[in-house]
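Right after this note come the structures.
What follows is a pair of complexes built around chain A, which joins chain B in one and chain C in the other.
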Partner chain A sequence: MSEPEIKPDIMRMSWGPQHPMSGQTRILLDVDGEKVHRIIADLGFTHRGIEKTLENRTFFQGIIPIERMVMADTANIGLGYITAIEESLGIEVPERANWIRSLLCEMGRINSHLYAFGLQAEATGYFPAVFLWTTTDRTVLLKLFEELTGARWSYNFSLPGGVYKDLPEGFEAKVIEGVHYLRRRFEDYWTAMVENAVFEARCDNVAVLKPEDAIRLGATGPVLRGSGVALDVRKDEPYAAYADLDFDVITEPACDVMARTKVRFKEIGQSLRIMEQIANEVPGGPVRTRVPLIPRSKPGEVLSRVETARGEMDVHMFTDGGSNPYRVKIGSPTLRNMYVFERLAELDEVLMADIPVVINSIDPWYLDSDR
Partner chain B sequence: MSGVSEADLAEKVKAAHPDLVESSEVLRERRVSVTVKRDGFLEVAKSLRDDFGFIHPVCGGAVDYPKESRMQMIYYLLHPGLKVILTYRVNLPRDDLRLPTLTQVWEAMSFHERETHDMFGIEFEGHPNMIPLLIPPDWRGGYPLRKDFKGEGVE
Partner chain C sequence: MTMISGLMLWRLVVTCVYLPTELIGKWISDMINWGLDLLFHLPAYTVEFLALNSKPLLQVLILPGLAFVLVFAIIAVWFERKFLARAMLRVGPYYCGKKSGVLQVFADFLKLFMKEIIVPEGIDFLFFAAMPILVSTVPAMALILIPFDQNWVLWDIGSLSMPMFFAIAGLAPLIPIFAGWAANNKYTFIGAFRVAYMYISAEIPLVLCGAAVAIMAGSFDLLKIVEAQKSMWFAVPQFVGFVIFFLGVIIEAERTPFDIPVAEVELVLGWRTEYSGILFGFTMMAEYVLFQAWSLLFITLYLGGFNGPNIFGNITLSHIFWLLVKFVILVVLIILIRCVFPRLRLDQMLKLGWRYMTPLAVINLALVLVMKLGGIY
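Up next, the complex of A and B:
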């Protein structure tokens, strides 16, 4: 990338894309000794042109590329696109299908938060074991996914008009069993990791983002709620079955790295609560309405919003009467949070050694920001 | 918030700047769309932030309409209290794609304007850091999201 100018007496360091904690991006750090003066994010390493791809695919074909945005969270990402298609084409969704979608979304959210949590443990440098714990416990969810959708990753299970198949026989009981197991494990995580003096020393009061800054800079998801702002699309503008489900929007007042980690942790608790409700109360009925395989759109536009694990995702779809979308604008949560990350060094003192912890606190997924 | 207050909001924006706002309408519940003239672009944006409470920037992007020989730049803004998304639009003729940068009003639009510059070639005048965001710096292949762009593998 072409780089902005460096001020005198400042050293510019390149961090990533080969660094073990950086992911598929490069971060430029202007440092003076240990202190970071400026953070510059160099994105685009994984740009695949998904928005352009969608213009050349029918509505149904588009579901496959868009789910590649975030592999850990495909249920939520896919649903953003599917709700846009449904609103655009005027397709009704049966109630049972909406509940199954919510179940899938919450399982995806836990899956994604678990991964983020394991990486955060890795970034603090003291808990290689926790990453293995989270990866092992994820298997419980992956098995449920496999039984429900036939795939452990990238499900393509929600389709315009409902979901692909009904719940398998006895699936509700397995969900409850999984919820009980994960609840017990999360108590272990909390005592072993979150209330751990070393973890607290690395995360407390690091990279403070005040609520007014979080709103002004367009933060979203756990980053915004970790600054004490209760915005969650699931509550503000309920989609799928969230209007009928009982859950709380988690916020933390501390505004630091620890607060963002705790928000994710407590959101897992809420997701388990939702999973349990769905397993106990899922209404009966059909799971899919008939939709032509290559539907024709009406000219117009639709803006749909969903809450993914990383925050709000917006899909603005323009249609011109053809069988493909005319244009799809995807508002990516990681791109918004990466801007906040760039500004963090100016808002609070950030040290070089904190960078892995700080970047994982925004839970970046570069395939999402680059699209 | 019911449909009535969104209509109120759309009306008030229009009434506050009758000469600068081209159209102001409610698309559906929680969706308001405001289209402005290029001359009043910054003034209406400041007023949306300061007078109408759209303090939370969401994202930004553009749509290409080669048949009508225009592009539409769209900024997405959220009112955190009312939970209303406002799409703030301005039409640009395709042979004169210049716009003052909106980073002076919402600085977080920086990334979205850089991305739009990469993909559509819209010039944002006064942007503090206009370097490629997603495309490689040595890319000479044109603007990928324009409708007349034909990439390999796309017919």
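Up next, the complex of A and C:
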């Protein structure tokens, strides 16, 4: 990347990729003392060519690389690709499979948001207590994943035509038990984070993103809903079983970092509600329809949208009649939110110390933005 | 004439050459005698020296001195790691030292000692390397003023002791500023200026609070301040000052929520970024030494200093015991704060310092004056 010119009297600091909080990207900051004048995100450090890889795999083989995009949220990411395949090949999915997919997606969403809280607490300078609490509580979900899918991470469970296996015996009761446990724990997180005076001081009125700016810049997910815009693919274009499930789209009017954090908090509440509904009301029937292992597609293009934990993910798939997709274009939520992040210093006053807080408020996953 | 002048010349030569030779010879023989004397009587002299100076030596080496500083740093690091680990649902250091992990601190120190000191390019190495050593030794100097008992003050300078404490401890923030500048790095540079901002906003209310205490006690002498608190601790009549000074102690020791100059999520490690190996170890130790010096002053000014019931039969021993008990309780409290609060931003901290702490310290001073003039206290 050619670096933009620096104005006089401005210092350019490199925040990453070897910085303790930056993850795997490099962000250039033009600072004048503590005030940040400009943010330049230098993405692409973890580019792995997943889109190109998908062209060389059959439809089934492609599920494995695409789940590597966001390890904390593999259920949602994988479902985006799988619904695209199903649309392209015209495969019907049994109802029970759709419900199980929704269950898996909501568990994945909680898993991912828990990670986001931990990092957000760490970014404000919390000694890693909250990060370790969330990590510990994630094991409840990971155990459920393990029992359902056989893997704690990256479970290639949803397949074109349904899900791999039916729910194990007595799984519904365990889900409800886990939901009760997590509800109890979330009261602790709410006290430790949202109601903590210093945390409030760090997050209130920081990096305000007005609704019109959020829409203009193409924000998505909790960032958009934190600006008060109720947009959720699960409601607008229901996929899986979301049309039959009862949940609210969470919005917060405050538009700041705290609003985005609160949106994640409340979304977890909705996810727990969905998990409970699914555990109580999951319909019976088969979980899988027969699909040939190497299906032949019809020429054409499809677009599938799913709501991942970080926002809307689009899979735009072109097929030419072969056993592989001709081209897969993935619109990733982190990349969209990174554009917003770059503009935040112009929209609102951002200080040097706010940078880790602000970047974690968009919940970045650089493997997702770089693909 | 010639004979006389020749004789005089001879006398002159003899005087100029012989006399100094004789003097030097005498001096050398004296030195040898003295050296032999010292050699043969060294044990006796040592015993005599120790007998005459046993208390100051004990003070320098053990209580406010070397052993106290080192042992406190070791125990505090170990306790902090274990204690915070519990808050995080972890166990903490476990293997080194029979499952309590107490030897982990020594192991870490040894590791730091063995590590290479990486020096950034194009800097003044001596200046760069001197700063971590100074930053841990200068605040330790302030400890010599703290009274542990009427008879246990290492440097008793009467009514100058409190101003001297502020003078010595006031030197401490200069060193991180130099260190941050010396490392020639953007992170250390910003960290250094954060130190400057933070200490200026914190030290003015601290000095004002100290002045209020001195007015109430009627003296700047730390010993007299402690004696004035025999009936009631100054924390009660000067509650505002007590709270301000408590915050000030946390700010001066750069501890959470005021560890702004070393905020690792934005500045890597602030002014300490470029230090490695044992130099980094010194900067870590500085945090605890500052913490120790300011907490002891805080106890002396507000929590009755060494006052306490005589439980050991020996008044000096009991006084030292009570001061250490108060110190330990304060340390645990300040470490506890670390696991429940995130870090404040610099502008918020400055707002706290200038907009709340300084005016409240002035009000506290005024209240003390009213109490003193009204004869209530």
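Heads up, the rule we're going with is that the second predicted complex is superposed on the first by the 370 of 371 C-alpha atoms of A that agree within 3 Å, B and C clash if a C-alpha of one lies under 4 Å from a C-alpha of the other, contacts with A are read in each partner's own complex, and residues count from 1 in each chain.
Just so it is clear, contacts are C-beta pairs under 8 Å (C-beta built on N, C-alpha and C of every residue); 3 or more make two chains touch, one makes a residue touch a chain.
Worth saying up front: this structure is predicted, and the values here are computed from it rather than measured.
With the C-alpha superposition on chain A as described, chain C and chain B fit side by side in the combined arrangement. For the combined model, the angle formed at the CA centre of chain A by lines to the CA centres of chain B and chain C equals 120 degrees after rounding to the nearest 10. Using the contact criterion defined above for the overlaid structures, shared-chain residue A:7 touches neither chain B nor chain C, since it reaches no partner. Of the two partner chains, chain B is the only one that A:314 touches; chain C does not reach it. Using the contact criterion defined above for the overlaid structures, shared-chain residue A:143 touches neither chain B nor chain C, since it reaches no partner.
In the superposed model, A:354 makes contact with chain C only, not with chain B.
Once the two complexes are overlaid on the shared chain, A:44 sits against chain B while remaining clear of chain C.
Minimum Cα separation between chain B and chain C in the superposed model: 24 Å.
With the contact threshold set out at the top, not one residue of chain A is in contact with chain B in one structure and with chain C in the other.
Those residues of chain A that touch chain C in the complex are listed here as 11, 13, 15, 19-21, 31, 33-34, 121-129, 132-133, 136, 192, 196, 198-199, 201-202, 351-356. Residues 84, 87-90, 186-187, 190, 193, 256-257, 259-260, 263-268, 338-348 of chain C are the ones touching chain A in the complex. Contacts from chain A toward chain B in the complex involve residues 1-4, 43-44, 47, 49, 51-52, 56, 215-218, 229, 231, 236-237, 301, 303, 305, 312, 314, 316, 318, 326-327, 329, 331-332, 335-336, 338-340, 370-371.
Within the complex formed with chain A, the chain B residues making contact are 27, 30-31, 55-59, 61, 63-64, 74, 76, 78, 80, 83, 85, 87, 106-108, 110-112, 115, 119, 129, 131-137, 144-145, 149, 151, 154.
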